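Naming follows writing order (A, B, C, D and E), and every chain is counted from residue 1.
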Amino acid sequence: MQRIGVFVCHCGTNIAATVDVKKVVELVRFEPGVVFADDYMYMCSEAGQEKIIAAIKEHDLTGLVICSCSPRMHEKTFRACAEKAGLNPYMVEVANIREQCSWIHKDREEATEKAVILARAAIAKVNLNTPLQEGESPVTKRALIIGGGIAGIQTALDIADAGYEVDIVEREPSIGGRMSQFDKTFPTLDCASCILTPKMVEVNQHPNITLYTYSEVEGVSGYVGNFDVKIRKKARSVDMSACTGCGECQAKCPLGKMGKIPSEFDRGLRTRPAIYMPFAQAVPAVPVIDRENCTYFKTGKCGVCAKICPSKAVNYEQEDEIVTVKYGAIVVATGFDIINLDKFGEYAYNESPDVITSIELERLMNASGPTGGHLERMSDHKQPKDIVFIQCVGSRCDDEKGKPYCSKVCCMYTAKHAMLIKDHWPDTNITVFYIDVRTPGKNFDEFYRRAVEQYHVNYVKGQVGKVIPQPDGSLLVQGVDLLDNKQIMKKTDMVVLAAAVEPNKGVRKIATMLTASIDNNDFLTEAHAKLRPVESPTAGIFLSGMAQGPKDIPETVSQAGAAAVKVVGLLAKDKLKTNPCTAKCDPMFCNGCSTCANVCPYGAITYEDQQVRGPGVNETRRVAVVNNALCQGCGACTSACPSGAMDLQGFSNRQITTEVDSICR
Amino acid sequence: MQGLIDRLTALLSDGTVARVIGWKKGDMAYNPEPHMFETAESLKDFVYDGFCGANLSKMMIEASKLEGKTAVCLKPCDTYSFNQLIREHRVVRENAYIIGVGCRGKLDIEKIKKGNKGITSISGTELDGSDDIKIETIYGDKNISYKDALLDRCHVCKGKDHMIFDEVWGESKDTADQERFAEVEKIEAMTPEEKFAFFRNELSKCIRCNACRNVCPACSCRKCIFDNTKFDAQQKANVVSFEERMFHIIRAFHVAGRCTDCGECSRVCPEGIPLHLFNRKFIKDIDKFYGEFQAGKDPEAQSPLTDFTFEDIEPGERG
Amino acid sequence: MSMNEEKTEFRPLIVAFCCNWCSYAGADLAGSSRLSYPADVKIIRVPCSGRVNPMFILRAFERGADGVIICGCHPGDCHYSTGNYYARRRMTLLFSMLDYMGVENGRTRVEWCSAAEGVKFSNTMNEFCEKVKSLGKSVRLGDIRCKD
Amino acid sequence: MTKQEIEKKVELIKEISGCDPYKCMKCGKCSGSCPAFNEMDVKPHQFASYIVNGDIESLVSSKSLWKCLTCLACIERCPRSVQPGKLIDAARQLVERERGGDYLHAEDIPELLDDDVPQQLLVSAYRRYRR
Amino acid sequence: MKYSYYPGCTLKNKAQDLDVYARRAAVALGFELEEIPEWQCCGGVYPMGSDEIATKLSSVRALNYAKEQGQDLITLCSACHHVLKRVNDDMKNVADISDRANNYMGLDEPYKGETTVVHFLEVLRDRIGFDEIAKKVVNPLTGKKIGAYYGCLVLRPGKILEFDDPEDPKIMEDFIRALGAEPVIYPYRNECCGAYSSLKEGGVSQERTKLIFDSSEGFGADMLITACPLCMYNLNKSEADSKIPVYYFTELLAEALGVKEGNS
């Protein structure tokens, strides 16, 4: 018989306001096995834990039931606490009387009654708990970074510098990501490529880093410390080792002059040849052939690039290659894109070439961009004298047109854009329509104020209702100045839309392969919003950059470093403690029928001939054996097993049955 | 029948097999028993006629562990069970010498007894017998049609082919002449109240004699889950009541996707509970939801319950 | 609202099995978003919907539960890749069998609910409670072998 | 108006409109879109706050009730689904449902007509301006 | 294909052109408009209040009639279209309105929004196809530069009307192209004309229609087309210098199809 202690947490008033905590204590005191019951304001606090430890020692407790918040929140805390007092951590059960009781019920009597039932179920379960020991599994000392933008680059460099091998998989032909498209970066106005390019080169030359550009992750199996990842290296049609990056092929590609293929890198503001490097500083400096557009691949004719290539690097026969690599940890750094603006017809983005997005503006201001850094209107190539910026286009929307969140970076980059334009062309008139200017960050508000005070950028609080192209080629912006309570009709030359950011499209597929969870907006979910912000709830998966949520470059780089530390912390271990809640086979009952192995997703079940001895049995027969390092504790085998031989430790048949019984009592 | 005995005797004598699993004459004409014959001499009591309904495949589980091969007589429908046992690693194929015995349907003695009191002997039930069975009773002789006396299960016969065998003895006949799922559909059409009343009425007859479990070739667990206390809390009373009430449902679920619909459960039930109605409901659902599946037809085929497709229907959706 | 009225109102007993990764977290999210659903629902945490043995469900009904709901990760999102697919088949067949025996389909349900779907979790529970309430007390499975 | 009356009217407006004025984030896109903005005394972006702050008196006596063209531009563009057009419509309903609240009187109509006035104009004005 | 046709009050009177040419074009294009007998006026304005029931009943009657005929309900007038489509949506998706309306109606079988409401233009686009229409054009309007004036009611709210992109519609431009003319896209095509305010305060519609004409004419249109009799009235009353002729879209359709002078 267990000696169980029950500890009921008030969680301040979070629980106590709706659940009569004292009454719960009184009612569970006489449950079978309970020898001690108490309540406390905050069980998870130092003092609360001390109370638990003292009670374990004083009452010689063999099991604990904590009635508190969700076990997903503090089960670990209380297990560690039990361990401190010399109790096996798996002798702890948590009754969730906050998220699943006090927070959702209003009636005090009803909530108290439910809390008691939940506590009883947990007590009944603990009565059947047995001490469990964690096992061990080896760690492959290599990390995979999915995405080669600034987030992925920084994570990779930090891990590689710590002495571990890292691979980066990047979908595009070059690493660099979104940041490589930018002109300058806030709040210090460094040139983006001046600070990014050296890092790209460093990645390329680092002995611990392997780059898989123009590649995609195709499949992931395994688990923390032991992932097997299938990577598709798309056919580049150019031999990486032979190419010198001279650029001859790009210059001679006949499609380059025809101006038909919009450059993805330049957001369609200029065109590119069919054989191309996305931008001059691309890493690796090896072009790819866009087979969908290439004349040779479409008709079998042309072949100019192969003919003129001085190092004979062009290879039309190249095929996709699939490699499988083992990793101990995976970092998702898939970044972001901006939303499609088709649903915002009122801003005339599709109607007028002079209504552009902020990323397009970055390209227009970039010295290596389509206009050589000279700001001009795409319609008539004239320099705009008046520019209107519209903030929150698709951000902070609660309907399906946009995104419910704040994109976080727009206020700052708009101030940046305004100042850069004013710096170059001081007589430009700039108006920013904003809802709120959000500048929490070091030197951020100062930066924004500079735009107003020093550069005299006109900030108007209010949103634009419609952008109205005029017959004379100008744009009429119809908006509101909320502080003046006036409708504004402003004639301008160019409108720049701060379109909402969104996670890159492919992230859903990747998250599914990794069994990492994503939220309603397709941002990857962290294991804990505050305490484990760079880890996915799935062990061994880490998060870096915009894939997790909107953030700027400084924040991305910090997060990348944090993710790297977590990865290094994992790879530094030779063995990992494994979840002891694994399946276990009782050979007395096992028929060796193989049903369990058929449903095991981890290949953790094998069969061997074992000597089985018991009442009336003494024979050698085929029985199932579970590999504890491979078993992840899903329990699929236990429900498939016809004879009930398979059971799951920590969630055993008897434990769950007894929970059912006590709930239905 | 003598031909079969001769062949079995030869197999035993030349050492091909060490023993024979077949049927032994009972004390009445209609109750032969499954039996393991160890010597050629003992085969004089071997019998094979219309009353040999028992599915002998399950006996091979124990026989597989014995030295030497065992000859086992399997009717076409029994061979499905045998395949299923191979799939589950319960029998060793190499240790069996399968005689696929012919079958023209097996007889239900209750049907014969109905209206025929005081039976003294029955004849004409052999495989090569006539279309009529001759019954002698203390009140006089009578002929009834073989077909009319068939077991219910034979009216939904799975076919005359043996799924697995080493040699075949005798001709078989497909006796199916009824809709397999007609009974299930009848229940499905009832109101919840009627359904409950129907099953309560049937299940309340159960005396928990375990005859169904013992005869079922799919119920071949070394130790039955119902003998496992691991599903339950300490109180034995709970175990008893839960098991008592849920036994047949759980049993049906455990054999779902593995049950070949051999019908032995219903045949042996002393209370006449139509137990096959559970199994057949699962078979019907599996066929409907996941495509036609016959357990034991192909020993390589994945059981529907250890398989899935991404597009499977959602629970509760009526297909 | 008099006390009498409250007492006579039928309160169903509902057992919910929630997988640790998605639906239990969804239930937590419903909680932290203060989205209410009836206290009649009692959640049992399991690692995966694939862990839910039909025995547990039969047990619950036999012990007097009026409804049983199993929540798991959306198909394709199972933390263990495939557990919910097996659960889907198992529960499809079990629910059909229960219906066959007179335990109405409305008393059993499987819902896929992600960790982000607090709203869906609460809506599902509210709906399911209403449904079970409309079906009334479930006595059938416990009485299946007690002939009057 | 007493506090209770105000609360009752606030609830009524919320119920009739089916909109939640608390969702408004005061971005002003409605006012930036409104073709009748200059005619109005209480501006579209203020509708929600008048209701939230209980200043129903000002709202129901405002000219805006009769100036809204019901062009639905604010309803279409509101990023928060507050839909100011529905709020002002509900406020107008409150007025019109009270005795003597009509903005258009039958006896005035002949004066307003010309030969080309389509029936549609009459019926819709009738429906908009009076009970 | 037969449609239950809801003409609405104005088409029987001031906007007979909209109706007559539509009927002729329909014949030429092979579909039939079967006027709903004893239809009642839709009220011209959709009653937005969630508690407005009685004002929606005339629409429900028409919708239910179409349901009984097993036909889709077709409309021409923007206002009727707007009202009918939204009431239909209420009957389908808003349980409270649907229940209460059905209580009033006392039909044998409650009406639950089963009817599909289509605008004449939607029929042209989705059922006939503009390509098909282009093939049947005998008098192509070649060289004409036409601005489509949508107004508010056929487009908004986009989520319920699902007629076209409410901010950047294409349907009338595609229609113009099908007739062989050149569409002129101008930003005021979905801006309000002042609507019914013209009855009491003409000033607003003068302002609005001026913007519409300035913009459309500025972008090179030499005529406008519309589907709404009220827009037509307001545009015609405009005193703008930039005023250009305005036609019902059906008139141009009939002309292009060569059935303008018919006897129906």
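Everything below uses one rule, namely that a contact is a pair of C-beta atoms (placed from the backbone, for glycine too) under 8 Å apart; a residue touches a chain by one contact, two chains touch by 3 or more.
Everything quoted here is computed from the prediction, not taken from an experiment.
Engineer: Just how many steps, at minimum, does a route from chain D to chain E need if it may pass only between touching chains?
Structural biologist: Steps on the shortest route: 1.
Engineer: Across the interfaces A-C and A-E, which one involves more C-beta pairs in contact?
Structural biologist: Between the two chain pairs, A-C has more contacting C-beta pairs.
Engineer: Looking at C-alpha means, what's the farthest chain from chain E?
Structural biologist: B
Engineer: Between chain A and chain E, what's the gap in Å when you average each chain's C-alpha atoms?
Structural biologist: Roughly 48 Å, centre to centre.
Engineer: On a C-alpha centroid basis, what's the spacing between chain B and chain D, in Å?
Structural biologist: That gives a centre separation of 78 Å.
Engineer: Distance from the CA centroid of chain A to that of chain D, rounded to the nearest Å?
Structural biologist: Going by mean C-alpha positions, chain A sits 45 Å from chain D.
Engineer: Compute the distance, rounded to whole Å, between the mean C-alpha positions of chain B and chain E.
Structural biologist: For chain B versus chain E, the centre distance works out to 72 Å.
Engineer: What parts of chain A, by residue number, touch at least two of the other chains?
Structural biologist: Residues 346, 466, 599, 640, 653, 657, 661 of chain A each touch two or more of the other chains.
Engineer: Listing for chain C: what residues touch at least two other chains?
Structural biologist: Residues 54-55, 59, 76, 82, 86, 90.
Engineer: Multi-chain contacts only, two chains or more: what residues does chain B have there?
Structural biologist: 231, 305-307
Engineer: Which chains touch which?
Structural biologist: Taking the chains two at a time, the touching pairs are A-B, A-C, A-D, A-E, B-C, D-E.
Engineer: Which bits of chain B are touching chain A when the two form their complex?
Structural biologist: That would be residues 65, 87-90, 220-225, 228-233, 238, 254-255, 258, 302-303, 305-307 of chain B.
Engineer: For a test of understanding, state which residues of chain A touch chain D in their complex under the given definition.
Structural biologist: Checking each residue of chain A against chain D gives 346, 392, 396-399, 401-402, 435, 461-466, 478-480, 482, 485, 487-488.
Engineer: State the interface residues of chain A toward chain B in the complex, per the touch definition above.
Structural biologist: 124, 128, 586, 588-595, 598-599, 607, 617, 619, 621-622, 640, 642-644, 647, 652-654, 657-658, 661
Engineer: Residues of chain D touching chain A in their complex?
Structural biologist: Against chain A, the touching part of chain D is residues 23, 25-34, 37-38, 43, 45, 73, 77, 79-81.
Engineer: Which stretch or stretches of chain E touch chain A in the complex?
Structural biologist: 165-168, 185, 187-188, 191, 215, 218-220
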